[in-house]
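Beneath this line is the structure, given in structure tokens, with notes to follow.
Each chain gets a letter, A, B, C and D, in the order it is written, and its residues are counted from 1.
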Amino acid sequence: MKILVTGFDPFGGETVNPSLEIVRLLPDRIGQAELIKLEVPTSFQRSLPVIERAIRETDPDVILSVGQAGGRAAVSVERIGINLSDARIPDNDGFQPVDQPVAEDGPAAYFATVPVRRIVERLRRAGIPAVLSYSAGTFVCNHVLYGVCHLIASHYPHKKSGFIHIPYLPAQTVDKPEEPSMSQETALAALKLALTVLSEEGEGNRTAQKNPSEKMSFHP
Amino acid sequence: MKILVTGFDPFGGETVNPSLEIVRLLPDRIGQAELIKLEVPTSFQRSLPVIERAIRETDPDVILSVGQAGGRAAVSVERIGINLSDARIPDNDGFQPVDQPVAEDGPAAYFATVPVRRIVERLRRAGIPAVLSYSAGTFVCNHVLYGVCHLIASHYPHKKSGFIHIPYLPAQTVDKPEEPSMSQETALAALKLALTVLSEEGEGNRTAQKNPSEKMSFHP
Amino acid sequence: MKILVTGFDPFGGETVNPSLEIVRLLPDRIGQAELIKLEVPTSFQRSLPVIERAIRETDPDVILSVGQAGGRAAVSVERIGINLSDARIPDNDGFQPVDQPVAEDGPAAYFATVPVRRIVERLRRAGIPAVLSYSAGTFVCNHVLYGVCHLIASHYPHKKSGFIHIPYLPAQTVDKPEEPSMSQETALAALKLALTVLSEEGEGNRTAQKNPSEKMSFHP
Amino acid sequence: MKILVTGFDPFGGETVNPSLEIVRLLPDRIGQAELIKLEVPTSFQRSLPVIERAIRETDPDVILSVGQAGGRAAVSVERIGINLSDARIPDNDGFQPVDQPVAEDGPAAYFATVPVRRIVERLRRAGIPAVLSYSAGTFVCNHVLYGVCHLIASHYPHKKSGFIHIPYLPAQTVDKPEEPSMSQETALAALKLALTVLSEEGEGNRTAQKNPSEKMSFHP
């Protein structure tokens, strides 16, 4: 199986984005899964086209996007993306939509289709604080989560998609020491574990196709 | 020079105490400083006697105690210990004082005598979130901070003392994912840097004694 | 016009629910709107039937539900309800669903149809902290928000619905003093202002029907 | 008995200071206590002289200062003032001391001498969130707390002093809605209750002087 893993470039005055840092450090394979790593601009207009082209070119089974969630203390596995963009700060193109839909013709929301609860449980068992999250905000992260789900629902019904938010890196909170952070090592371990779960799921699905009675669901 | 570095055993239902974990991982020397590592019980009655004996036996130049501060996101370099014990939970002996002085005959408070601001600045330059803290609470941590300062003021006027609080480890927040945490690697790096500052200060003082005109103050 | 305003009974070990307290204190009219006040049980199974019956019996133009959001500091005007119930604590019937849909056949989410942004702006101008919220959680509050939207979408396309979360009352935080709270007076003033906005919208709509060129949208 | 109650003028870009708002709204008497209300500038250099003059002119039995503690959710009854000024922002004179003592010749700290625990308990019984606080910070509030204690210790051994921090008003958090607030009504009720405790203590002391066997302590 193939997993497309995306990270965002820095935004909002930060010089790094932990999501991109850890995506870059991933190996080429985890378990049975080949990993395709992609840098995505923190831009409402350019982010989805970059991901769409990578999907066309690499035909992944799963798209897992990773983003920075400043202010959160735990890895947040996002459960739902909503059809609404409402930015408190401009994106990296200077664009700041207010109450715009992500897709004019789309439904109000999509649930992520990766096994969100299993990922959270796996992280917790490994001693990494993790939660199911019910809001990915209304900035570019949600835009990508909703947008990829919409693309898949429309054109690639067999692909799965999900989104994981990770906290600031410690160095990002030096000038805001009240804010929680997570070390790059911990965040990278979390991402590898999430990808391991996806890899096992993929394996389970392949086995399941041969033995339908053992079929495992990929849905949350 | 010699630095006595102390860490506490776990308390309050936790199975680890990050302060003890990182103290155990310290090397035997940092810069010019020999490190003497000591485990201290989280006990109002037993903690200070354990430290006092180690001071008598090892004659350190500096006593740096390290404790866990659940709920804080940054390394907190404590600036002051107060003559008051008021415990919301029992210590590891089941003792829970309410509004008791640490030392019947002591003053209201002591300032730490290690270079607290220099330590914070060094940590920040290294990308580790750190703050000056003005309250070490009223549990065993403050008891030790005040108690060691009182001992030194009374009997060892040339020794220095200080206290550093570190956040929970990530694994401790798995069941309280709203709480901030800090990885063991980051906390250990912070402690090593603090000890490096103390080692350099000690070196500065020794040089200063030879060259009084270059004398550097050890005070904050 | 008529507005059905609902508040929940206490849950989770609390002896009061601020939402019910302030709904009870509402007058019978605000501006041009007649207010119908309804107590709703904090129960996944009983809440929606109670509201549905009231809708059938009173035929309101708008249904505005109010709930308690412990831990939040500001009035939260909810923007979206999702088709997922996942309770960390049992409801008042001892029922604790895990990953259940609110409506088996419903879409992933509905947007509230009251003018959420205008309500937030009105509250802020009056000096009351208020935010747009993108998650009403996955407990009974979200169940009611989603459920009423689903009912309306299915059977009452001309009715509007919304949900407002208010913080704890100060007395509820006496034993958890780190948690923010809001006085009953402030929360009641917030609810009255929200209802004033709805009343003015209703008036605007009626006028608009007579003068189509002035038509105002009820949507966010 | 007489109680001097002080509130600060606005600082840090705020247009109001809740401490001054509620001090102004106090009655002239509470129980047996005559209240003398005083506005104090948020200034390291001008605050203490203003209070000292009022003490000389009005000879109060107790000095209770009230200040704003942005970010706190509960009324904070301060327990200790420390001999250190370290300002993150300039005071209202543009003065921003770094690591300066409040009194060159003073001890490290003073404990407040009003019955802090009894005040907290009284507030809680009345449904007002309140805590004992162990740090009044290092800005003008702590400067006044320490400074008045130092003045009393030096010149007026029979007077008592204390400090109460109150949260932001709701209107102050409109542009920072994550921050907790407390309504003016609740904060005023809290201050009146604190003054009632002081009034009763004063009465107890007077009775005690006549009946030494019933003597009650004013100390925490």
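Basically, contacts are C-beta pairs under 8 Å (C-beta built on N, C-alpha and C of every residue); 3 or more make two chains touch, one makes a residue touch a chain.
Just so it is clear, the structure is predicted and the values come from calculations on it, not from any experiment.
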Q) Which chains, if any, touch chain C and chain D both? A) none
Q.
Which chains sit in contact with both members of the pair chain A and chain C?
A. none
Q) Most remote chain relative to chain B, going by C-alpha centroids? A) C
Q. Roughly how far is chain A from chain B, going centre to centre by Cα mean, in whole Å?
A. 40
Q. So, what's the distance in Å between the C-alpha centres of chain D and chain B?
A. 31
**Q.** Distance from chain D to chain A - Cα centre to Cα centre, in angstrom
**A.** 50
Q | For chain D, residues that touch 2 or more chains besides their own | A | none
Q | Residues of chain C that touch chain A when the two form their complex | A | 79-80, 82, 84, 86, 99, 107-111, 117, 132, 134-135, 137-138, 220
Q: Would you mind writing out the residues of chain C in touch with chain D in their complex?
A: 73-74, 124, 127-131, 170-171, 173-174, 177-183, 185-186
